[in-house]
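Data first, discussion second: the structure below is written as structure tokens.
All chains are identified by letter, namely A, B, C and D, in their written order; residue positions are counted from 1 within each chain.
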Amino acid sequence: MTALPLVGFVALSSALFAVGLFGILTRRNFILVLIAIEIAMNAAILNFVYFGAFSNGTAGLTGQAVAVVLIGFAATEVAVGLAIVLALNRVKGTINVAQANELKL
Amino acid sequence: MDLSSFAGPFLPEILLLAGTLLIFLLDVLGIRRIEVTGAVAAGASALALLFVVADLGFAPLAFLANLSAGQVDVAIAPGATPLYAFTSLGLVFQGIFLTASFLVALASMSRPSNERGAPIFFGLLLLATLGMLLVTIASDLIFLLLSVEIVSISTYLLVAYTRKDVRSLEAAMKFYIIGALSTTLSFFGASLLYGAYGTTNLFAIRAVAGSVGYPVLVLLGYGFLIAGLAFKATLVPFHAWAVDVYDGAPTDVTAFLTGGSKKVGLFAIFLVFLGPVLFVAPGAGGSPFSGGTVNIGPVLQVTLAILAVLTMTVGNVLALLQKEMKRMLAYSSISQAGYMLIGIVIGTSPALTGATLQMFANVFMKTGVFLVVAGVTALGVGPLIDDWKGLGTRRPLLGVAFGLMLLSLAGVPLTLGFVSKFVLFSSAVEAQGYFVWLAVAGLLNSALSVFYYARVLKVMFFDRPEPDALPTGAVAGGSEPSLLAAGGLGYARATAIALIAVAVVAFGVYPQPVLGAISNAAQHFIHVGP
Amino acid sequence: MIPLLSVIVATLAAGTVLTFLAGSRARWVALATTIVFLAEVAALFAAFPGWPGYNSALVPGFADGESYSWISIAWMHVNYTVGVDGISLVLILLTAVLQLATVVYSWEEQKRPAAYFGLVLLTCFGCFGVFIALDVLLFFLFWEAVLIPMFFLIGYWGGPQRRYAALKFFVYTHVASIVMLVGMLALVFYSGAASFDFSAIYASARGLSSVLQSFMFLALFFGFGVKFPIVPFHTWLPDAHVEAPTGGSVLLAGLLLKLGAYGLIRWAVELLPSGLHTMQPVLYVVAFVSIIWGSVLSLSQRDMKRLVAYSSINHMGIVLLAIALDSSLGLLAAVLLMFAHGIVSALLFMASGSVHHTFGTRDIPAVGGITPTTPTLSTLIMVGSLASLGLPALISFPAEFTALLATWNTLAYWVFVPLIILVVTAGFYLWMMQRMLFGPARGIPSTAHDVPWYEGAAMAILVAFTVLFGILPGLLVNVIMNSPIHGFPGT
Amino acid sequence: MRRLEWGGWVSVAFSGAAMVVGVLIGVGEMVNPGTYTDVRYTWLHLAPAPGPFPNGFSLVVGTLVDPISALMLIVVTVVGFLVMLYSIGYMHQDRGLPRYYAELSLFLTAMSGLVLADNLLEFFVFWELVGVCSYFLIGFYYEKPSAASAAKEAFIVTRVGDIMFLLGIFLYFYNFALAGPAGSGGWAANGFLFVNGNQPYLLGHGLGGNSTLLTVAGIMILGGAAGKSAQFPLHVWLPDAMEGPTTVSALIHAATMVAAGVYLLAVASLFLGFTSTDQLAIVGIGGFTAFFAATMAVVHPDIKRVIAYSTISQLGYMVMAVGAGFAMVGLFHLFTHAFFKALLFLAAGSVIHAVGTQDLFKMGGLRKTMRLTAIAFAVGGLALAGIPPFAGFWSKDDILSAVYSQLGSHPAYWPFFLLAFAAVFLTAYYIFRAWFLAFSGDHPRDPSLGHAHEGPWTMQVPLVLLSALACGAGLLIFVPGFQSLLLSGAGATGIPPVYGTTDLLISAASVALGVSGIALAWVLWGNGRVYALPETSAAQPVRRLLLKRYYFKIGYDWIGAKGVYTIARAADFFDRFVIDGTVHGFERAFALVSNRLRRIQSGVVSDYAAYVVAGLIALFVILLIVAPYVVSRLGGG
């Protein structure tokens, strides 16, 4: 393998990350924000996979292992987020994050 | 692996886990009385605290010690990549976190007994504390970040635990979104560092920090990591969530957030950045784009110094303008983070001592003030500072206790807050050179901070209350509670507040025991920490 | 050997606490504390010149030295170290005298007397601490301990603009003490002193390079200078004085300003000789400007307290000048002047307080010809003014004479600046007397009566000291010169 | 009222006792010099140390009785006692008498201290104390705004002199600290005492290359003396000082305190020494003042102020004499002047006491009802005019002769000598103008003043005694012992003794001038009528100039009230609006910025996320560009 593919992969994950960030910043729907966060998270996971794959010896295994752990962690995080969405929707009747702005200044 | 040898070092963590499980078990069994669950949580924290103090070498508790000398502050062999390591500084922080959790649990026993969700509250409290304890021993970036996430996820839920209060839920939502975003940043940063260094082990990174060929990648990675951890530590400009969350969360949770979980972020920054900060490449550094070596240490120092000054200044300035008690205290809490960051910026053992002492002090002061606010709110006092008019004269003991905490926050001599700032800023001067300006900035900020604390004191002690503005107590309407009665506050909360007030003064007058321990720990940490 | 200084500290601490708790009997507790304090100060003097532990190894250069470890970690050794020498002893005497006078003067304070007397005692306690502390942290502790009660004295018992004045006082002095603290810490750490003790720094600070010394000196000078106060950082003083209650003004002018000068002598001049040497021109300029500015501004004041406040700036400018001369004669003069100004300005502030009580205003053009109505008050104002303008046989004269002689010794014809200002000083005091005391009666309410006994007694105490040391300045001079740190000749 | 008079008698008794002691000491010193040994208290002592005072430094308080202080002591105690006695009658209608007698007694104390001082610093201490007593007593009628103002003016103007005196002291103390005979340790070690010797101490021992410094010091001493003795240009306060009771004017502002300046010059001349530049300056100031003050007396309508100007003028003579090197001669004039000027004031006081006004143009014809006063005033006037054998003749004539004797070696003295000489004529004219205006004619010009009568015996006795002294004091010069007393002063050797060898031409000329002055006064005013000078007269501007006192007072007031006060107002403005304004400006800017800053907390979580991302980007910029740049500039941490 040459160095080129790694750069390409990193570029891919960076783009993914940027998409996630863009979503977090622009979406007002809590569910969409959650999805955007997941996209960004996946960019990080991808990174671990590439870097692991491109490195030698046991160090490479770390990346793969971390990726698996992170997938599990991301699921947990989303679950908690969904719980909050549900509770918020029940009390406030909306999941638009911009409308929850009682606390300010 | 022999179970006992495994259980020994992790006894505090196991205690907390057991406590959590016990609370949830009781919940399942239908025992949800706040006194019971609270007692379990407070007891578990207190017991764990005793073990940690014993491990730190506090002689009268030596019989409780379960870490042998060979397990703490051990120099890591070159090439070894342990997942965790016991350092005495970590133990100090364990003590700090357990103190916060104990105080919050104790005080929360006085929450309204008809409130739902007590088991969730106390269970999550212990769980979050468990995460904190794990952070203190982490020596691997992923282990560290996951431990931080245990804290984060627990606290998201803690904020929302009432499930009914719209403000709490809004706070939880904000906390969650910004928290999740920051988590993403942290892990992305960690992945870049992994790419650059080929390892996620902090000892390994310390060994090679700065001497890798991808300075841009390393710096980008550290940038992501700083941003991610700065969320937890509430550094400006990653702080905006904190004010709303501290304001919206149930106040006892706020006490825990500011007293405990914020320090997690700071200690994580210590762990991640101490190695790189201490690294100075031989020869002059240059731009990371020029291909030469980069003095990653100084670059990180400058960056963190900017963050520190920005944080303390913005926090203070905004606190000055606040009319609401909780938000004012929230901003003041943000500014405190700036002081503590100075410790890692300088990266010497005196500076670590100062920053750690500052955090130790902060646990009492910040947890204390929010516990008081929670109690006073329960008495029916409104959210504005002006609503506190005459409180000091109506309830002198509470007033004096709160006053002591505020004076300590303001850094008035003979309080713990003064000693901690004195040591911290001394350490900046001790480091000499440009660090002296950090001391100046910090001191000027602390001068600024005096104003908003003094304003509260003025309102409490000098302003006359409007008639009937201050209910005399939620329990016994009409008659003035006697001086010593905990009336309305609840005995558990009153005990916690009294403990804090005493600690603030006692350690302020004679800080030597704590300071000595922290100083030792910091010295070791510089050499054997990750 | 009795640890006399710690006994006094304990006395004052206990007295302060008891006063706060004493309710309506607070004044008696305060008075009793003060009398015990005076007796203990007398005991300090009694041993002179064969002071116990003088020049001992424990606290070299000081008498009655005590030292106990307080904080001791690898890089920071803080001790409770106290001791006195001639300079501090004279100022301790001043503290005790002014405490007595203030307590007596405020005898009928009606507004929360327990808190009032408690804060007065706390202020004096802090000042006493500053004068005996020989450790950076201890010094800073007492230094700040003075600030807080004074803030409350102004902010709660003060005049209509008290909030503004208290805040201003606090901002200025607090910022200054921060700069001072940084300077002191730099002194400790850059010099590599073995501990935060004065003697440890004294042993090591001389090794610092002249550039470093200059920077540190400048920081300390700013920190202490705001307390002096030096122009242009002086505007807190008139406001604070005008709004402060009389007792507050007395302590402010009599003691707090001295803290700055004492600090400068003890922690900057003694420790950073070459810093002083380099910064001498700066000090001269500041001193001259303060002297001129304080005096000229006094001339344009309508409020009696403001006038006395600005004259304090002028007098403290002379103190600064005397310190800056870096000669033993100058230092002697500075300490004498500090004592003299402490007594005299206290007297004048008490007098203006009494004017305010009696006539309901301190506006000089509004009240005139008060002498027939209030002969005692009028006489006291005259004595105070004449003492302040440097009349011989009153306490300021020996001090000013020594200061000016020292100035001539070092600066030659520059002495014309303070000398000419002496005329202006005479001018504004005499003009004030002309307008207030003399001429046809004007703006005197029918209820006006001469000063009550306690106010008169308080001022009489000060007058007694004014005359005593005016005629026998040698009593003070001998004590002051018993300060080995300075290498005064003959010690 | 009884109580107050009793208090007055206490003062009389004590001052009487003081007079007895003072005269005994004075005469004792005259008969047997060096009888009284010094008593000293060390006031401040610095041990020997490197620096300006290698042999140490002492400031002492002590007494020194020598011929000149003996002479002054007699003057002070005698005039003091007589004035005190006179006051019993003169002041009995006034309020505040305890204050009056206390202050007068304090003045006598301080004045005696000044006379007996044995070093310059002690001298200065008492010098200031007599000044403050003068301040109190000028302002005795403090309800009168003019009195309060005059008191202040006196204090401030003399203060200007005082600071020069003080600087002079610094010069002597510092620059001549080591002066003295070998082995004596120097002047500083010996407490800067006035040391008797064959010649002035510093001229003898300390001069070295420092004659410039000695000159400057002498000028400073002259400045001090000019303030106290109301010499040009610090003369303005003395006429205004007449706001005080006439007794005070007699004692303080004629006989004793104002003479302290002359005494200071004499002391400095005898013990310290003046350079020839100093001498010229002193002669110049004295001679010019003698004439200058006399011109103003010519037109003034106020009886006390006429005498006050005369005092200034006469003091000018004394200053001139001291300057010319004849300290003893100056002191002799001081001695006689004290008596006849006190007499004039007390006589004037008697008139004022009787008629209740000081305006000469309202008086007239008083010789009929106040015969004793008229005679006393006339005796004083003759003494002042220098008509033999009255006291003033001997002393003034000595001065003129003495200065004249120096003209050969000091031609620069000429103009001042001529001015002083011309002043003799003016003196005689103005004092007899006053006499004629007050006493001649048939009746007072203001009819309401018709009931004048002599005062009680307490007022008359001093008049009689002083008249006797004014007649006879000058004759003391023929007493051998007295002559030798004057000649025994330090530094007297080397100065030609002028007593008895008076130049007859000078004497004759001055007597002639005096007589013609009296004659002119008689011609113009002898019939008791008052002529109004026509408005169109060419002399009118001159008269106005003189009445306005050459605009000095107005000018000084302008400097004080307009000049300095305007500066003070401007400074006050600067203080409030520029210095404090800067602080408040910061405060406002701070509030503005922080209010803007506050708005970033919008409450919308997406904004917070945006801050995080913006912060992240900022971090990258800092980490990759700013921080490396900073680090490379600072060279590490």
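Here is the rule we use: a contact is a pair of C-beta atoms (placed from the backbone, for glycine too) under 8 Å apart; a residue touches a chain by one contact, two chains touch by 3 or more.
For clarity, every value in this text was computed on a predicted model and none was experimentally measured.
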> Does A-B or A-D have more contacting C-beta pairs?
Replying inline: A-B
> Centre-to-centre on C-alpha atoms, which chain is most distant from chain C?
Replying inline: A
> Closest chain to the protein CA centroid?
Replying inline: C
>> Report the inter-centroid distance (CA atoms only) between chain A and chain B in whole Å.
In response: 27
>> Roughly how far is chain A from chain C, centre to centre by C-alpha average, rounded to an integer in Å?
In response: 65
>> From the mean C-alpha coordinate of chain A to that of chain D, what's the distance rounded to whole Å?
In response: 96
> Using mean CA coordinates as chain centres, what's the chain C-chain D distance in Å?
Replying inline: 36
> For chain C, what residues touch not just one other chain but two or more?
Replying inline: none
> Hey, what residues on chain B touch two or more of the other chains?
Replying inline: 173-174, 177, 181, 243-244
> Can you list the residues of chain A that touch 2 or more other chains?
Replying inline: 21, 24, 97, 100-105
> Quick one: which chain pairs are touching?
Replying inline: A-B, A-D, B-C, B-D, C-D
>> Help me check something: in the complex, which residues belonging to chain A touch chain B?
In response: 10, 13, 17, 20-21, 24, 30, 33-34, 37, 40-41, 43-45, 47-48, 50-52, 55, 59, 62-63, 66, 69-70, 73, 76-77, 80-81, 83-85, 87-88, 91-92, 97, 100-105
> Can you name the residues of chain B that touch chain A in the complex?
Replying inline: 142, 146, 149, 153, 156-157, 160, 163-167, 169-174, 176-177, 180-181, 183-184, 187-188, 190-192, 194-195, 198-200, 243-244, 247-248, 327
>> Which stretch or stretches of chain D touch chain A in the complex?
In response: 598-599, 601-606, 609-610, 613
> Which part of chain C faces chain D closely enough to touch in the complex?
Replying inline: 231-232, 234-235, 293, 296-301, 327-329, 332, 369, 371-372, 386, 391-393, 397-398, 401-402, 404-405, 408-409, 415-416, 419-420, 422-424, 426-427, 430-431, 433-434, 437-441, 473-474, 477, 481, 488-490
>> Touching residues of chain A toward chain D in the complex: what are they?
In response: 21, 24-28, 97-98, 100-105
